[in-house]
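Next up is a structure, given as structure tokens.
All chains are identified by letter, namely A, B, C and D, in their written order; residue positions are counted from 1 within each chain.
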Amino acid sequence: MSIAYRPSHADATYDMKYGVRAVQGGGRSSARETIGRVASGAIAKKILKQFSGTEVLAYVSQVQQVLLPDGSVDHDTVTLDQIESNIVRCPNPEYAEKMIAAIDAVRIRGDSVGGVVTCIVRNAPRGLGSPVFDKLEAELAKAVMSVPASKGFELGSGFSGAFLTGSEHNDEFYTDEHGRIRTRTNRSGGIQGGISNGEIINMRVAFKPTPAISRKQHTVTREKKEIELLVHGRHDPCVAPRAVPVVEAMVALVLVDQLMAQYAQCNLFPINAELQEPLSLGFPNFEPAMI
Amino acid sequence: MSIAYRPSHADATYDMKYGVRAVQGGGRSSARETIGRVASGAIAKKILKQFSGTEVLAYVSQVQQVLLPDGSVDHDTVTLDQIESNIVRCPNPEYAEKMIAAIDAVRIRGDSVGGVVTCIVRNAPRGLGSPVFDKLEAELAKAVMSVPASKGFELGSGFSGAFLTGSEHNDEFYTDEHGRIRTRTNRSGGIQGGISNGEIINMRVAFKPTPAISRKQHTVTREKKEIELLVHGRHDPCVAPRAVPVVEAMVALVLVDQLMAQYAQCNLFPINAELQEPLSLGFPNFEPAMI
Amino acid sequence: MSIAYRPSHADATYDMKYGVRAVQGGGRSSARETIGRVASGAIAKKILKQFSGTEVLAYVSQVQQVLLPDGSVDHDTVTLDQIESNIVRCPNPEYAEKMIAAIDAVRIRGDSVGGVVTCIVRNAPRGLGSPVFDKLEAELAKAVMSVPASKGFELGSGFSGAFLTGSEHNDEFYTDEHGRIRTRTNRSGGIQGGISNGEIINMRVAFKPTPAISRKQHTVTREKKEIELLVHGRHDPCVAPRAVPVVEAMVALVLVDQLMAQYAQCNLFPINAELQEPLSLGFPNFEPAMI
Amino acid sequence: MSIAYRPSHADATYDMKYGVRAVQGGGRSSARETIGRVASGAIAKKILKQFSGTEVLAYVSQVQQVLLPDGSVDHDTVTLDQIESNIVRCPNPEYAEKMIAAIDAVRIRGDSVGGVVTCIVRNAPRGLGSPVFDKLEAELAKAVMSVPASKGFELGSGFSGAFLTGSEHNDEFYTDEHGRIRTRTNRSGGIQGGISNGEIINMRVAFKPTPAISRKQHTVTREKKEIELLVHGRHDPCVAPRAVPVVEAMVALVLVDQLMAQYAQCNLFPINAELQEPLSLGFPNFEPAMI
């Protein structure tokens, strides 16, 4: 019976593709593999911090029906300590409590819930990303949609932007007190034309409820026999808090790749140095470690 | 003055990256480049159709406040003719009219609106996609998030799945009358563990309102001087209907790539042929052109 | 003193590139890494054998001044057993003895010698390789020139072909008793226009004398101080016999990659099946394991 | 009859692979495609020259039996003008005449001859290339073995190095008058451990005699019928002089790729700047254009 396909896991598709699968714990499809992403992401985050003062921070902004209201987290100032101050990784203590309560409510029933992770990048160097196929948002979308259980990706205004008019949505430019070209609003989410513009990059990633629940479900075996399955084991009732460092890691890895590409392509021979801000000098209060 | 950065276009970021830009019409960043995607996508669609009866169809499911209600399009039967029967590419005639009216309302004011494109894949072969980084949804997300003006991507339940519990969200398996393993619901959107499971793949892609509007906007020039800009030219007041064939093309190109990879990796030497359904024989009523 | 750069090792260039190096045994640049190539190559060889009866065999054809005369090894019949029958991996016992003697002569002086490895592929499927940049010989050249200590690569007539006229060099076609198109000679080395033609692929790879010798040499330290260096340790006096399985492995890995590419690109939809011989049915006496 | 396979052309293998081929002039397999390589190589050469004073120069060193003796071209001083001073692209006027005579002798008989192109890189930045699979010589070998009609590649001592002992072959280090670490000899050909060491990179590339000859040859048609074929048309009796700019272009393209990779990987964050010479400052008499 252990060979039965657990609903909404990778069990069935692995058999359909490879004709083999690891029965215990999902094997290759287990989210345990994200340890490698987080480990390499930690190095990527150090490089970004040291090179250009770039910070990547993610937090839980929704658990089932509990949504952080817009503007309740200040993206200019939110810190890792605030995010890590509670088990659900939400920097707003009041909502963190509500989220924990929502998770507890399903946990005791052997059920699970979905959630949303918001991720921001502060002090992102300008110029990252490429035209056409390898736009920065395309690279970011691929990276986070490869995280287990993710179901959706938004940049800036995202799906809510579809409700707006152009005059409501456009981000007007101005020149700030440091003489840098900035936008007054940031519905673009820090990326325009596939290239970072120096504003805060912000993304939202949807995660489905953990498919591993402690309830009887209908399913079939490898031999196509219909059965009732009760899965045992220790499972997270909500994957979103655990996904926070994984999303950060994937975003940081994409940015370091793009930073290297940008450095090689556009900084080996700057064509118009007045317009092309050096990668590591963009932020008024940042003192780069070297160059 | 033509050198002023149009708000929410790629003008500024191209200068920040390259130090050069094409002033007229956006140059390299213009959505005109999508002609190449559509042309190659047409070939990809033919290959998919001929090899495995696979069909890729997209349509407009939202224009600003006008949303197609869930279930108003039957994904098992919707046809290209239905979609192409009106200018807004919405297969539901009643909602198509509402969408056209919504677009007209902003068009006469020189403004624009956002929208959403839904894309489905019928008869997708099983087994497409790879574990870990190159999951099928990751490849699809990258492909459609590279389409100009896209701001978000969802697979299956997407962001609405974050509101559900596991017991509400899981897709239970059964064996159908042809002896094929199927799921009763399809919140997974046709992909589980990063690999297609043979159910209909369904995605939603958000598009922002066209940034080119015929209204005065504040912006800056290359020389960082703040000015008021009035952009002239012929622009689409809603990009979503035009994005329909581009989204289809990108999805078809991803699927052909994955089909070739799957054919080479898993069909050169099937390990367990009983479980690994031949790529082109999956669909009861489909007669493949050749093998 | 151990930090001195050993002449003709990778010590100095690793410092020039990375600013760090593993002092003991060469670290990342040690030929010990080839164990991974040989392990994966063993699987590649099994796939080739099972799928199309393809065999990859390499042997030592030169040690310093001792050269196997042309034609002294029959490429249609040479076996792994013959090659492995002696320590120098030369299938001709008489020349094997001469080679061993040549190696012994330098070994006792603490010196080393160079050599050449010949590699053949029997029953290579037709159609492997691509036009322009990824010609089969280009892929093979890259693969074997990445083997430590290799200094040269030849296909078929190689450098000796430069001495010939076109009328001496061209391989005329005929139709054999099985109705297959063949060439009477094989100066092309089994590849024409970058694509395998079904004849035996044959290559030669030059290896320099092992740079690790037990003799005093002039060199410099990291701090650019000139010193005399005497390297201790256990070293091969001739790398060629050890390179034999590594060359085989690299060639087998290239062929499996190309086989997969060919299977996906040209066998998913054969355009002209009469001309495009199925990959695994090319060889009259070979019974493929499966399709 | 025009559909007959010309011996040692790509005609037959294209049919074996694709089931289609361009009959006239070889189509996709024609060396006419090298125009694109030379055009992009010209830009690559400019970048190399401007960034690090790096020069890529190739010349004909052998035509059939006419071989330039070792040392007859001074690689420290040879110029493009010297190479381009005669039609055979050999910088030694005396040998150029002999080569031209050798070509003329076969040309009037409707035959062709092979040859060898030598290519050097002066002022190559240190540190280009990567460990294990992507060694600089592996990249160079692939690039030049993709040039039509090439049959062999050598770096530094190449095949002649196989005749030497380690004590004869090793390149001893010393510190020059500018305080740079150098090697007294250069049998390594400017690359050690897969990474450039700043000495002159030198390579030799073998080219077979042009297969297009104006003589009757035996061959078969697409339908496997044996016939006699007489090919008409205008053909080069020796491809080597024409290959000179193509080899230069491929080498320059590889070097720019590697330069960008090195700049991104090792110059974004130099670990040990004292050892890692800046890419563009390596050459005492070179004044870089910018940085």
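Basically, contacts are C-beta pairs under 8 Å (C-beta built on N, C-alpha and C of every residue); 3 or more make two chains touch, one makes a residue touch a chain.
All values reported here derive from a predicted model rather than from experimental measurement.
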Checklist entry - Which is the least count of steps on a path of touching chains running from chain A to chain D? => result 1
Item to check | Co-neighbours of chain D and chain B - touch as defined | outcome: A, C
Checklist entry - Distance from the CA centroid of chain C to that of chain D, rounded to the nearest Å? => result 20
Item to check | Geometric centre distance via CA averages, chain C-chain B, whole Å | outcome: 47
Checklist entry - So how far apart, in whole Å, are chain A and chain C when each is placed at the average of its C-alpha atoms? => result 45
Checklist entry - Residue numbers in chain A touching 2 or more other chains? => result 270
Item to check | Which chain pairs touch, all of them | outcome: A-B, A-D, B-C, C-D
Checklist entry - Which residues of chain C touch chain D in the complex? => result 5, 7-20, 28-29, 33, 62, 64-65, 106, 111-116, 126-127, 129, 131-135, 137-143, 145-146, 150-159, 161-175, 179, 181, 183-184, 187-189, 191-198, 204, 206-213, 215, 217-220, 222, 224-226, 240, 262, 266, 270-277
Checklist entry - Given the complex with chain A, which residues does chain D contribute to the contact? => result 47, 50-51, 259-261, 263-265, 267-270, 290
